[in-house]
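Worksheet for the structure shown next.
Chain lettering (A, B, C, D, E and F) follows the sequence in which the chains are written, and residue indices restart at 1 in each chain.
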């Protein structure tokens, strides 16, 4: 399909950084929320989930990108099978590395398969772009995802257990906010991050508008 | 008749109706505060200065955070409408009297910011702000919030419950021993509902009615709460149907279980007068902002609160369910409203 | 109540460990499709249906896997089976009940993609449910998803009429609402379990 | 009397109990207001096409003379000069509803007589139903209950139904107004005659004069004159707003809800205002035109509030002058405080449907802040049509007008104002609804 | 130690599974085929497949369907890049033929400094709301109420309210979307090609003296412009000068020069904002404070 | 719908990729994935098994600090049988031996629904004293800081220094049902003193111990000799 084939834009730094911030999968695109909220009750879990996701994201997107000419689109399931393959691999590798980590992440390792982020990228990007760009973009997205997970995990671990990466931060007499480790904490912390970003963005636009208006007024004065 | 000078009034242009007669919102809120004062006073009488300090702190937290966030948003201060005072007082009344003050303040801040101002402030909140605050601290500090102390401790006016004065962010001191020492006739402050649930002991309904049992600061005297509610209803400041529906809903559900098995399940009267139900029904479920406006919606809302309260109390993991029931009903009220829109007069 | 009784399994998936609000499954559609009550309702129906289909087909394929001792292929085969089952259902619907397809069908591709569907299949396998339990579990999970998304849609529709501060638009609002709802669902903890 | 009140408590669900404020004019017999220097007669006083002027600038007209004939339109009625004088101009003049409309201005002859010209004497008993209706059209009669719907058109529609009862609506549920009360008290004969004429026109056997239980004097006054055969009765209903709205009144009297979108005629009923009936009774036998009416002039800062016979076309300026207005700032309202029309210009004339002129100062409407709706449901409990004003108001603020119509029955709202009256947040609900209706109408036109 | 047996079973199992599914699906694909506009699929391919529902549809495909049937505009997909959306727009051909730029023009110049208010309106501060309250209290019942419904309605920020409470259209920003035309309860806005430079900025149908009593810049229907303009370009209708834009080619500045109130104006939008120029003989008004209420 | 629009192109199926291509790609991808997974699986299998064993062992050694080796058995229909590779039925129990091969005790698994979800534990039974002498939580979703205290609260753990679980004379159950009582009201050695604030989780522990104990401990006691013999027969699985 000629119309849908990719824009052959060159590989730029932008491809990489987009996923980190401007198109951050969690904070901006709201994709892959389930693992984001489910496993981020500690930084270590966040990092592990991030690493696993990056691995799956990069590998599967690379494969989909390579195979994109071969796969007829009526059977998109192939893409899922590819992803599932990598996820299964990650699953066993984590089990081999540490059972405790595996237990902490629970079913969410396997649920990476259906993480909207990975499939979304596979369909939207990998199936239309060259290998190099796909890998770079997947890496950016994955890192952006990990960044978001750590943002959440940090706050939740700090307030909920008074530790960071397992190290005690506050006084031992600190009363932990249990709620932060519970489901509502996940939602609320993500909500607060989004509020913060909205607020920052808004402050920026208000300033921009103010500047623009000032200019417009001067122009009016000049013209009248 | 002698010709008049031409009258030349400045004409004001307004739209019909030109006369109105309704209490204004600040007036309503002020009266709710008045109605809450006796309940607060009784609570202070029962629990002493710890309860008083808690009320002051939560109210201040609510007021200050409301002011702060209004300022941040560049809006006119909404303090004069008094609704934040209600939130603060009611919040304190739902907390155990020895609740650490810093946690109370946190509850107030969360309640006002997350429960009210994020949604646009008064009138737009979809949950009861006081209960959002309480639900938050309940989930954050489950131990502190289920630590009850006995009523009428002898030194309650001269001494704080030890947990009250915990340093901010720090774990409060344990109160178990303190409770033992101050308790009259060895009564350690288990709430009637906990007694029912874990010990199978039923407190006499008359004790509940006059309110000398342990519990949250305000979930004590059903009689007093009813009287204060009656004042509001009489002054047309409160919709009597909301509390009535909740109480009726609870009674109906409790009666069903009671009839099934009178030995295991408590009587409807016990259900109505124990725990926070009375306070919840009269002052919290009746918060009109987060409840339906349609007549049938109000009925279903009350029934839902009653049903959930009874189910959680009888079968849930928690001893008390009023708060969760009201929050759930708040969440459900847009749906309840949507399928109970009133039928237009003359519409068959 | 017995932890493996059908009713308990249903209530557990429906309220106590609500898929969306307690287990964090299916959040993308929960956030994405909860803006309107009507769409949310159709989405709930479609989800219940797809959960049922995928739960039963996963149960079937798991039997085969166990027979050949190939549990390590579980994830791959679940995904393949679920995706094709949904695609088949979708095609069948489109062909034979176009009206129903228009109402629900459009949601199908959207929900194949969500974790809640695979979650049902995986969790039932971990918990070693038998066939009836699987059915109860999938229905409970679907109903729980429906309840959560309907409540959310009602609230969001109501808040459309509010004067929201600019910073509370869209996603942030949904998250805070979900947080409060999730706190509310904590009240159901232990229902039917520990209490008595 | 009290016993009767208890036994006969006929009423409708919802509604409100505004303070009555009727003491001021309740006991004041109707007097004449001095003729103004000029009268302004809008050619269009009711829906339908404007009437067609048949006089020229500078022409002399007599009091009661026909000056405009009905346009070829079902809803148009003729117009008569309300004073003797010269036609000064036919030009655009303000009206209460907003846009200026073509009006003929008649300069009053200082010697203008009180007695209007009379036409052919007519006896309704000898006339056919069609003739009666034609005669009612020729006298330019419109409903005096406020809607100003041409009476003949209403009766003509009713001819196609089996009407069994004519209800004369004497509720006058709006605060302040005592027009209908004085008419019923002072024009007993005309009222009953008017009733009989209308009953004959629609072939109804029964007539009911409905009054609220704060007007029991009317009962006494009418008792002696009611026909022996009991064909016309007086019924008492609860004093409650908006008891006078025909849906509410029918429900109170007969216990049936008028189906939505249907006319009373579909239930075999004809509702007319008592003043309409009384004017018909007075004018039809003499073949006269409708040129003046009883108006309650009351409110704040007036030296002589009262009930007055006012020629149609008298400007508000003249009324304020004559009743001794002493204030500096005022709201001027044509009609009652719940539904009346606000007026911006002092040269706005009294028109055929104006039952009251109300002058209110700040005191009546303390200027309170508008606050967000707190969902107190008071409006829902007040709305006699059982709408959901709270939801409607919220939608209106967000300009979701179409939804208001399609899902919340906006068009069934008759703007009675009960909801605004009880709203603690002071939300201008009725105004929002009017805007919404206007926008919907505009959208439909496009 | 890796067991060959399990590799073989796994391989066989997967290949069987793949075969069965592929066969079933491809059969279903043929048997259950339902015709569908192929463009839907193609548009769907161009969408980001985030299935986020932000467009208000239940996912990307429904959105593609909506785009193809014209119910939705490609731009409503917020996830896709603007270029991507432009590509879709190009693909389904929703481009418009090149047209002369239209802008919104306001037929009123009666700001608070020149037009009288006769009553003190209190209530909802929108023009729509004020206009249902006995016209809103402005002396001229055709004139602008100055509460800015049009400015609020304009999603492109092309209108701002000046210090006399009159809306000013920034022509560069105006996209001729018609929103302000709909919003104004007094129907004061209309869309004109920028080449319509001669313009009557008044809508008052009052007779001359009356009109002038209400507003100092009203058209008094004095007829001077009619006299100065080429035959037929301007006519007096309903006490107002009316321009026949069919003859727009004949228009020049001349007709405005003798207008005593300056109601007829010449608009040349080179200056960015809509600044109309009034005739030489037009009454000069230097007042800036609002006129008192009479 | 667009499919009734006459302006649209003719309503025939567009050129689908051939069935063969469909089938072949899918099969090949499936095959490759299968092989990839099986390779990883086979490679990690021993490592994971070792990890799992270590985890259980760590738990067992914490309950029986003197332990040196363990043996796994299954209890099926009241019979103790040896563990074979693929059997998935029955309850796994581990017999625990000290350095000298002396039977120290047996560990069993038990589960019940707590505050949130199922709580699963591994507990140790000392046949000498007929006591439950400690437990390890294998799986829990209880609230951190509340229900999770069952594995940290010293007062609570003190219950398990020796929680009496005496098998009754008929070997059909326990003499005294194990029961959780409210904090501070423990009176008998078979009662568990609940954690204040986590009564529900505590009760779940009591319930699961009682359930499992009533059912399995008599079997254990009946088969003590079998456990002792097993060590001697040399099948020690911890080298």
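As a convention for this text, a contact is a pair of C-beta atoms (placed from the backbone, for glycine too) under 8 Å apart; a residue touches a chain by one contact, two chains touch by 3 or more.
None of these values were measured; they are calculated from a predicted model.
The chains that touch subunit B as well as subunit F are A, C, E. Least step count on the touch graph, subunit A to subunit D: 2. Farthest chain from subunit A (centres taken as the mean of C-alpha atoms): D.
Of the two interfaces, C-E and A-B, the higher number of touching C-beta pairs belongs to C-E. Spacing of subunit C relative to subunit D, judged by their CA centroids, is 60 angstrom.
The distance from the centre of subunit B to the centre of subunit D, with each centre set as the mean of the Cα atoms, comes to 49 Å. Chain centres here are Cα averages; for subunit D and subunit F they lie 85 Å apart. Work out the mean CA point of subunit C and of subunit F, and you get 28 Å between them. Annotation for subunit B: residues touching 2 or more other chains are 10-15, 114, 118, 120-121, 123-124, 136, 139, 142, 317.
Among the residues of subunit D, those in touch with two or more other chains are 329, 341-345, 372, 391, 428, 431, 434. In subunit E, the residues that touch at least two other chains are 6, 10, 13-14, 17-18, 21-22, 25-26, 29, 33-34, 51-52, 118-120, 122-123, 129, 132-134, 136-137. Across the complex, subunit E meets subunit B through its residues 118-123, 129, 132-134, 136-137, 293.
Per the touch definition, subunit C reaches subunit E in the complex via residues 28-29, 32-33, 35-36, 39, 42-43, 68-70, 72-73, 76-77, 80-81, 84, 87-88, 91-92, 94-95, 98, 106-107, 109-110, 113. Remark: subunit B residues 73, 114-115, 117-121, 123-124, 126-127, 132, 135-136, 138-139, 197, 308, 311-312, 314-318, 321, 323-325, 327-328, 331-335, 338 touch subunit C in the complex. Those residues of subunit C whose C-beta lies close enough to touch subunit F in the complex are 3, 8, 12, 16-17, 69, 72-73, 76, 80, 189-190, 193-195.
Listed in rising order, the residues of subunit E touching subunit F in the complex are 1-3, 6-7, 10-11, 13-15, 17-19, 21-23, 25-27, 29-30, 33-38, 40, 65, 68-69.
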